[in-house]
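Letters A, B, C and D mark the chains in the order given here, with residues in each chain numbered from 1 onward.
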């Protein structure tokens, strides 16, 4: 596995992480990635170079259409193309896996997901609400080519596992940029003791936003020093943020939780530019909603807002850490028309952070 | 009790009513009214004439601050002055009685409610969220005089009962106008059998909106004929709509329910003018939320959206019927500067509706 | 052209219509339809029978991506699958044609629209926000087959004209049902004199909602009589409502306008069931927003909310009339598995409305 | 004037400040404060000790009711009591001064503002929309006493000036706490060159939120070190954030702007606890809306979203700086029942920041 911020010597917040420090620490959550990478040089729409992919998230185990999960969405900045969020907000639930891909590939992923669920998984429906979200990887990728096809969607869905903490240039993160460095997928989690019980909260981001000069790591304004020669390309970024928990929150509470991802995002330095599609989807893997029922209600736990605080803190902290993990894991990449993104220069960052008072252990310098 | 639409010969929808056909059919809901009426002739701000009042609604029994009710708000047209709705939406709950009064009296009612709860009811708090809503009765009332004082608020709160189906010129409805006739308070309810259990849904409105030519009664465009000489005064109306149920809906579901009051409102003919403050608050009297708890959650019923249909229908139907009940109960009134509002002319309306095919029983003609 | 409600003898409201009584009366608006109809009998997913289509709406003339139109969305009931609405709400603008199709075809239409705009219209972009909306035609159509392909999207886009008032079984309306009758596309418009200037407001609906017993025509509850033997099939409907105007409203005002479509919808009898995706998109064809500009602002008209009233009234009235026009134009259809929808029985309706006092001219009875 | 963060040696962001580095740098904006401070020792509700006040903000010059300003609201966390925000959101405008006070005093301030505008300023209305917002100062103040009366409101309104950069324990800030230190009012501004023209953006906050251990100053986690013995009192905080600009943004754009206050708030360390009422109101002092007009529109500038970036950055930066300015200006205070809040310990903070790499000039150490 690639290096992560925490192993490198910086921890975000004080709550303990889950086992993998990944969204899959929330029981039932599975994540899978598929990449589409081919070609070099000049972009010929439809022929590449391709630097893209798709990430599939199963928000809980079992048959999601028959047993949905409670969910909510919070739009920080709606410059993005999505499907499924309107119904998610209305019914407060998710009934399919979630796909993340590139901007112009949303239609094909919607269609591939319908195909997969109807003809491969053999779910029985004439109406279903696919959740597809995106960031724009056109700096490195032939985005007009829409290179993510049904086979990649199937691969990401099929290979999704509960042990997946892959980060950086994987899945939808393949061609993404973050703070003008190579970005991509990142994840983190927290393990929370609340009134004697254990709950988890995990975050997964597709990080593709920000300008170098704004980057902060645990508050340290490293971007000011790194961006000696700022790239003046206009930001056409985005960040998709997912929050999963096994605390049985309802949709309204999950919407409150989702808002706190903003705080974690903001701490990494961005102010969410006008052209950045910054969207949060949150769900509870332990609050299931049957598709059909004779009885008008089911019995179950109702979380109290008075006990949301540790979850709010975890939502901010894991979002911040997941974004930084994306930067830490991402490998440098050259894509279409020779455009390239470097990895974040960890030794320089270490130097800056040392001067800001961070004491790294001996031998930690890369 | 004053005449009601249903006794007069017109029923809205097909679901059966509750015992009183009033919001107080929902167990625990209490309603009280206080009126302030004095003076005649020319308006002297602060000295009357006063044609106003306050209505108090206890949304459930017991200590609301310690055991809140689940609630939601839907704003159809936000040209209105309210307190409490922001927190209601955030936390999905109500923790005080609800007051309805005139526009400029909102501040004094907020203050009177704090007084009542802190020093009279002796609830223990340093922060509380009073819900105060309003319509504008300035056509008949010296509204700048803000004649509703703490004593009236206390009276409305203290005299609130579960048997109250008073309508028309009572409480906040005292000086209100509706479709250019005398308007005011109206109420209705439905008794619903859902999967073998009985639930109630009740509506209470303070009806102060609409232009005569638009009025429809059970779809019949009576306003077109009644408004031979339309009053050209600009609409400065509003309607406050409350929906209560004992079905254990959560806040998101109550927000969905609240939206259906729009359908009932629209059926009475108005298109919700730009200057009309049309606001719906809905709550479940059987979904209680403890203020404090060691455990992070409580066990309880979770309603399924698949079983909302009969409640949606009842929300539309009771809102429509409550508005018409307000018109049916309201007595004509003359107020400030000699302004006056007639009662709806029931014999003429009966004639119009007969021609539209309504068969009234013998002897029903007024 | 098929029969329309107004020619049949019933007019909604009192404002005059535009020339065609269609959304295309708003200068610049073009509408095109393409149908996919083949096969009979038993449904074999992917092989038909197909009873579906796509409708394309160009919201204004010129290059929409370079010169966007101000827009807003109002979600009455979000049980629907859409793309593009999040960004529309954030930026208050539309930058592509709008497509309406069937539920599961949203992905393919998103993709076809990207193809059309990038490679056929040769617009230059790496990010664009396709607006695709839908209703569910699975009662008549092999919806899992997703039979609307790029060629149909191109046809609807290419053949769109400013003279198009086609209604009923056209485009996306091909397989739709409304109040248990055959439904589909409907349109209407109003011509408004406001302070000495002329403005237009037009409505276009894809009507696929409602239960027969609830149907009202200009307030007359015809459904009560028509639905002697109600079809008990669960509602899986939806209605997409579009409102266009050449009054230069901004996005906030268009959102206010969009809300009034609810009033027109409600007057046709439905209370917007839980499973109905009822969505309104409104735009101003005369408020253009340049994609790029050196100057931070452009000079232009700013509409005043005090002058919204006639537009609000027109939004409600045209929505109501467009829905009824859809019923009036729709031809009966038999589709998959022998399922069929009759046309609304106009002679019976005429009889009911006569008894409700409507005086039709001699010889008008069908 | 009290010390400010910037003079002390720390600047937030890189954009230049306005002349006073205060919200009053936006032409037309006036700010006034009134304090109510009396009594010591044990709290006797109604008799003190009082540690409270009111702040009045005139959002623009002239007669606001006749010539309103474009405005928007963003609710980060709606645990707060406000009046006026519903109509502000609906009409996108503000028509009165804004008052900030303590939680339970909202009713009296609403009433006092009506009094002031109707009988003292002699504005002519029968309906008006007072904007009153609040934080909870009950840790230091006899909040049940509601000690802010009409005389204090009048004083704050009358003494409001364009030269006011008072901060800390003034007006509504008198009894507020922030990160467990003494908090209160803070302000900041930026002067922006956009395409050759100069615009201003100013922020004013009433800062009453946060837990000590979370406090960050320009990213430096000083709270971790300061909070050796954290105060375990539950957070009952809030922050009211105002953003004013003379760029002619419309309401939708101001709502986008308001969201960026979240980023500035988050950078100071809080994650917006469940009990914190975090609300942002933004307006443009140069986008005026006439109350009455024969013409349906006025000509004027329409800002383009493509040029919002520098304003977004300024919104985040000024909010962050205003919060820190509140901490820097606030004097220690002892209030009811002997409760006290210390000022932030600047020498210790300086030491921490030195170790984080901040180079202060000689002689700057306090």
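As a convention for this text, contacts are C-beta pairs under 8 Å (C-beta built on N, C-alpha and C of every residue); 3 or more make two chains touch, one makes a residue touch a chain.
In this text the structure is predicted, and so the values were computed from the model without any measurement.
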| item | value |
| --- | --- |
| Farthest chain relative to subunit D (centres taken as mean CA coordinates) | C |
| Rounded Å distance, subunit A centre to subunit B centre (Cα mean) | 45 |
| Centre-to-centre distance between subunit D and subunit A (centres being mean Cα positions), rounded to whole Å | 34 |
| For subunit A paired with subunit C, centre-to-centre distance based on mean C-alpha positions, whole Å | 36 |
| Interface hub residues of subunit A, defined as touching at least two other chains | 77, 90-91, 256, 305-306 |
| Graph class of chain-chain contacts, one of line, ring, star, complete, other | complete |
| Contact footprint of subunit D on subunit B as seen in their complex | 45, 75, 77-87, 89-91, 103-104, 106-114, 118-119, 126-130, 136, 138, 143-144, 146, 236, 277, 279 |
| Subunit B-facing residues of subunit C, complex | 76-77, 216, 218-221, 256, 259-260, 262-267, 270-274, 305-306, 308-309, 312-313, 315-316, 355-357 |
| Residues of subunit A defined as touching subunit B within the complex | 90-92, 194-195, 197, 247-248, 250-252, 256, 289-307 |
